[in-house]
Amino acid sequence: AETAKRTSMQITHPFSAVTTLEDIRSVSPALERYTTTTLSGDLWKRPNLTPRDRSIVTLAALIARNQTVEIPFHVNLALDNGVKPAEISEIITHLAFYSGWPNAMSAVVVTKEIFSQRKIGIDQLPPALDKLLPLDEAAEARRATAVAENVGPVAPGVVKYTSELLFHDLWLRPALAPRDRSLVTVSALIAGGQVAQIPFHLNRSMDNGLTKDEASEVLAQLPFYAGWPNVMSAVPVVKDVFEKRPN
Amino acid sequence: AETAKRTSMQITHPFSAVTTLEDIRSVSPALERYTTTTLSGDLWKRPNLTPRDRSIVTLAALIARNQTVEIPFHVNLALDNGVKPAEISEIITHLAFYSGWPNAMSAVVVTKEIFSQRKIGIDQLPPALDKLLPLDEAAEARRATAVAENVGPVAPGVVKYTSELLFHDLWLRPALAPRDRSLVTVSALIAGGQVAQIPFHLNRSMDNGLTKDEASEVLAQLPFYAGWPNVMSAVPVVKDVFEKRPN
Amino acid sequence: AETAKRTSMQITHPFSAVTTLEDIRSVSPALERYTTTTLSGDLWKRPNLTPRDRSIVTLAALIARNQTVEIPFHVNLALDNGVKPAEISEIITHLAFYSGWPNAMSAVVVTKEIFSQRKIGIDQLPPALDKLLPLDEAAEARRATAVAENVGPVAPGVVKYTSELLFHDLWLRPALAPRDRSLVTVSALIAGGQVAQIPFHLNRSMDNGLTKDEASEVLAQLPFYAGWPNVMSAVPVVKDVFEKRPN
């Protein structure tokens, strides 16, 4: 079975074509209906999370899951929904660390085309070295102590990079507000099925200003972009965080 | 190291070329041997799971893991193994929910080419709105109660969509038999390393007619298409489900 | 929102173009800085893990995560860092089993181009049937007993293939040293978030000669190529393995 079929049949098409409604219909009229009625006509119009924030959540999920086919569509939609080019740039940079360099590189490959088409030049992007936000010394001391204790005996290199690159540099870059950076991180964790880090980052996101109602809508947005199971696995962890936070 | 090598060297080839045996041999003669001898000559001929079912399991794994390079080959093989175009259409629609829209969109991009090559028109696909199967009211009441209790306090939007879209619509669409829909779901969960949802869906698949022997062969099929570790992580969960079911 | 934007806008570019520093800068000057300063200027020069080993770890992570965009760059870098063509061939073959056939097929598609460009012919690759290394009968008996007990009642097919294909064939192929094969496996497990199999394979890697200092540096390398969360989830498991091993 496997062998006989491996002929030289080839399918040529653009790497990151946008899938049109006509394309979807030619494979599944039902999927076109859900795309039009449920996603476009309902999900993106729900209250408690703005279209801008839904774009950030969705883009984070796509990059975290290396979904290159859909990234161009959602980079364009994000720009239309008011996410600034500088913020998209910073989201990709942030996820280089939280999803890995290759995910960021795949996002670069398609985003550079969109930026070029929309005449978004380097003057609209955050500088390589930016004026950093002030560090919350107390919170950072608590984090550093925990990581030094848990990670230090096993991987001192990870401790060093986590401190220097993430918490004394990346998280303090001003082109993406801490609340939005947290939104990206939590979305990427849920989309990637990485529940272990949700408590720390969901608490941090709420410390950074994300509300419970918004977090609840992040959970409503993500089943469509990361699949139902990843969200269902995140729910008990989110529930536990909600219950333990002071009102 | 990183920098010096990032020249403008480019590799152009079709996005979803079928990898031929000659291609495989040019990188690994051993991998060609395993492909021919083990996969083609042994795995796909094993008893207790038909080639049609193996195609469904494999296609579900590929879409769940967004493996676009191999999807064209396996859509063709599935059609040759007796999976109907309407069923392939419905598998993609089903996985839009269980793996996410971007996975389905990637599958659409390549499947539309196959459908076009094989002259499969919209008349062979399930309608956008289909006559739904009857709902098992008792089972649905149990499910709805559990989800309302566990998910309701955290994400009412997820409760609403799970009920309306999944269990009162998608699962009742007749173009994919409930047993096959369960087979797709269980395969996607195992292939994606999502063990938490296996008990519910494996039990549901067996309620829908999947036998223990078939489930056992799903586990034998998937190491080759989703990697050994995902299957090894699923085994204790499957074992527990088997042991707790009445004979 | 979803619908309106699904025009026929298309983006054409090579499937696996190497992302240049200029490309990165056009989307994120900061990401270019991190790529140059941190990855190239620091990470790859760290002690306790050679550039050759870092290439093996990185390539395993990319293939495990199906990161086709970056594979060409890192296959070239691996060859420059002293990984032999036969070893790259064998890494891909190994990961066909540990990450799945589709991941290996995606790696084949791009690696065959590199091999062709660098005039690496089949004479430099391991033969399909190779003279196998001697089997450690005692260790294999322990492994076989555990798997027969845990997996046998559920999936006899998995038991059979695990024994015949993995431990009496693949692991004994001489073109990749057991220590390197273990390094590939552990890297793929961490990169894929598959913590359950880390204890067995990390112990095996250390039995095969990987040192604690090297394992620690694997953890420092992988956040950049598989994202911080996957490494943070692996750390407690690695810590537990370290603590339980006799000095």
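For this structure, a couple of remarks:
Per-chain numbering from 1; labels A, B and C assigned in written order.
What we mean here is this: a residue touches a chain if its C-beta (ideal position, glycine included) is under 8 Å from a C-beta of that chain, and two chains touch if they have at least 3 such contacts.
Quantities reported herein were computed from a predicted structural model and do not represent experimental measurements.
Contacts between chains leave no pair untouched here, as each chain touches all the others.
Because chain B and chain C carry the same sequence, their contact can be compared by residue number, and under half of the numbers here are used by both. Between chain A and chain C the CA-based rotation angle works out to 120°, given as a multiple of 5.
Inter-chain spacing, taken between the CA centroids of chain B and chain C, is 24 Å.
Among all residues of chain A, those that touch two or more other chains are 14-15, 17, 19, 35, 39, 66, 193.
The part of chain A that touches chain C in the complex is made up of residues 14-21, 35-36, 39-40, 44-45, 51, 64, 66, 68, 72-73, 76-77, 80-81, 89-90, 92-93, 95-116, 122, 125-130, 150-151, 153-158, 161-162, 165-166, 173, 189, 192-194, 196-197.
Within the complex formed with chain B, the residues of chain A that make contact are 1-15, 17, 19, 23-35, 38-39, 46, 61-62, 65-67, 69-70, 193, 216-217, 219-220, 223-233, 235-236, 238-239, 242.
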